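Listed below are the structures to be examined.
Each of the next two complexes has subunit A plus one other chain: subunit B in the first, subunit C in the second.
Up next is the complex of A and B:
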């Protein structure tokens, strides 16, 4: 893929992350503010609450999108920084390969974790 | 034939460098020289981005601990309530809020918004960075507010 397309995808994934990660952060880290707004949930990080979100189709989709966009956006940014430091053709190829391998490994691991968490909703 | 980049020095075919050397290296990230505040925001954007991308695999692993059942999950959460991890959580929250809001400013700039229309260079010269300075200020005020509320939530709320 042309570098300009990869870069455009970096911008798009960044904008998507502001929305998706914003929702994730508000739900996980701003519970008092949410309760003031009328959304009261006991212990958002308790097992029952975590298992219920893991079993929800909507949250599972958000988690997969978050994982994919965050990995792409983060690793593309890291790749550009590393290219600035090590800019020989051999080094850039090595960095590209490493970024793809790390990205795929973490994505598959996260994907398995998301799908395996679906039956937990009934275990709480 | 590839169109020559305007920033590459003109050189005979075959002698043209594949890449411009990065003369300042990592020092260039913090060496603002005559550049304004946005240069330091750029450095902070990189640092927060590196922190967030290194944290991501760790976060995926920690959240996958729920698969081991309620006991393992509650034990993990108890471990994460240690002050060292709370400080780490605050840093990650601040890094995300800053990176997201500064990133929105950068996306708008990259797409050509906020920079103003091209104009005749009459002194005092119109500077794109000066034109988008109100957005920079607004984003940083928003970031400070979200970070302050986040710190309050984690420590007090």
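Up next is the complex of A and C:
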């Protein structure tokens, strides 16, 4: 894939992270803003609230998107730095392969964590 | 301690010699030159040598170096040619900044000068950088007008003109002033860490040609610059634009090149051939004129 496409996705993921992290920060850490929006919850970081969000399909989608975009954005940035430090063709291929493998492994692990929360939420 | 060069100058200043304050210098004042010396046949590390030359009004840094070479040390090696800021061969690191020494007045910098070879280049000897890497990277972006295959005969034996409006020329004109002096490469922080980076000179020239309305070489140049060590390695430090002695803005060219790669080429079709067709029938016995080779 051409570098321009990877870079464009990097920009897009950055913009998406602003939105997704904004949602995360407001819900988790700014109850005042939530109350302005008419969402009053006693303890948004309590077990019941977290489990309920984990059981929600909408929240699961947000978590998966946040996981994917954050992983891509961070690993792309790391890859660019590593390419500048280790610039030989062999090192370039090795860094690309390592980034893909690490990204996939962490993404799958994250998916498992997200979807394991659904029965947890359902049980609550 | 002198820094080991390993044939690649880094631009690190040796002892923090005073950068000097610009301003009027009285005739008869003495200019102190700390000059980096490196002979690949004898030295393993750069060393510094100090010379003193009498100041004369209008003296450039190149004049001071020539005075040293003519009267004090004939072994000092540096490169220069036109002495008027056109050929781009006398680029050196003067008081920590890449400059054309023929354009740099001593009075701009004061009486204490520190002169070293251009960073991010191998050193051939003393103040002579090896510019072959810059020229190789320049070649990689196909720095010449590429026409569609249908125009091959016209390119081989030109008979007419290619249309271009003044506005179309403005899109690339500033980038066409590039001297290939490599000062921008010397200033580039990415080139300092990644020797495979195409660099500001080549990337700005890639944009210069894709922005040219006569050009049809978008695909081949996109292939050349859209790689791991290509245009997206630029950190946008802007040091290249600061360093350019001709006012070219390579950082702008790089940004426009990035935009083109994301949104498409600046023009859809290359400008057509215009003008009257030759009315004189070709004489098969007459030798056909040869098109000049593309300049690099």
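Here, the second predicted complex is superposed on the first by the 118 of 124 C-alpha atoms of A that agree within 3 Å, B and C clash if a C-alpha of one lies under 4 Å from a C-alpha of the other, contacts with A are read in each partner's own complex, and residues count from 1 in each chain.
Basically, contacts are C-beta pairs under 8 Å (C-beta built on N, C-alpha and C of every residue); 3 or more make two chains touch, one makes a residue touch a chain.
Everything quoted here is computed from the prediction, not taken from an experiment.
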Exercise. Which of the two partners, first being subunit B and second being subunit C, lies in contact with A:3: first, second, both, or neither?
Worked result: second
For this session: Specify the partner with more touching residues on subunit A, choosing between subunit B and subunit C.
Result: B
Exercise. First (subunit B), second (subunit C), both or neither: which does A:87 touch?
Worked result: both
Problem set entry | Touching partner for A:29 - first (subunit B), second (subunit C), both, neither | first
For this session: Quick one: classify A:113 as touching subunit B (first), subunit C (second), both or neither.
Result: first
Exercise. In the superposed arrangement, which partner chain does A:68 touch: subunit B (first), subunit C (second), both, or neither?
Worked result: neither
Exercise. Of all the subunit A residues, which ones make contact with subunit B and with subunit C?
Worked result: 84-85, 87
Exercise. Which of the residues in subunit A come into contact with subunit C in the complex?
Worked result: 2-4, 6-8, 80, 83-85, 87, 92
Exercise. Can you list the residues on subunit C that touch subunit A in the complex?
Worked result: 190, 193-197, 222, 226-233, 258, 261-262
Seminar exercise, completed: Listed in rising order, the residues of subunit A that touch subunit B in the complex are 11, 14-15, 17-18, 21-22, 25, 29-33, 45-47, 50-51, 54, 67, 70-71, 74-75, 77-78, 81, 84-85, 87, 89, 102, 106, 109-110, 113, 116-117, 120, 123-124
For this session: Within their complex, state which residues of subunit B touch subunit A.
Result: 18-19, 21-22, 25-26, 46, 49-50, 52-53, 56-57, 60-61, 63-64, 66-67, 69-70, 73-74, 77, 93, 96-97, 100, 103-104, 107, 110-111, 149-150, 153-154, 157
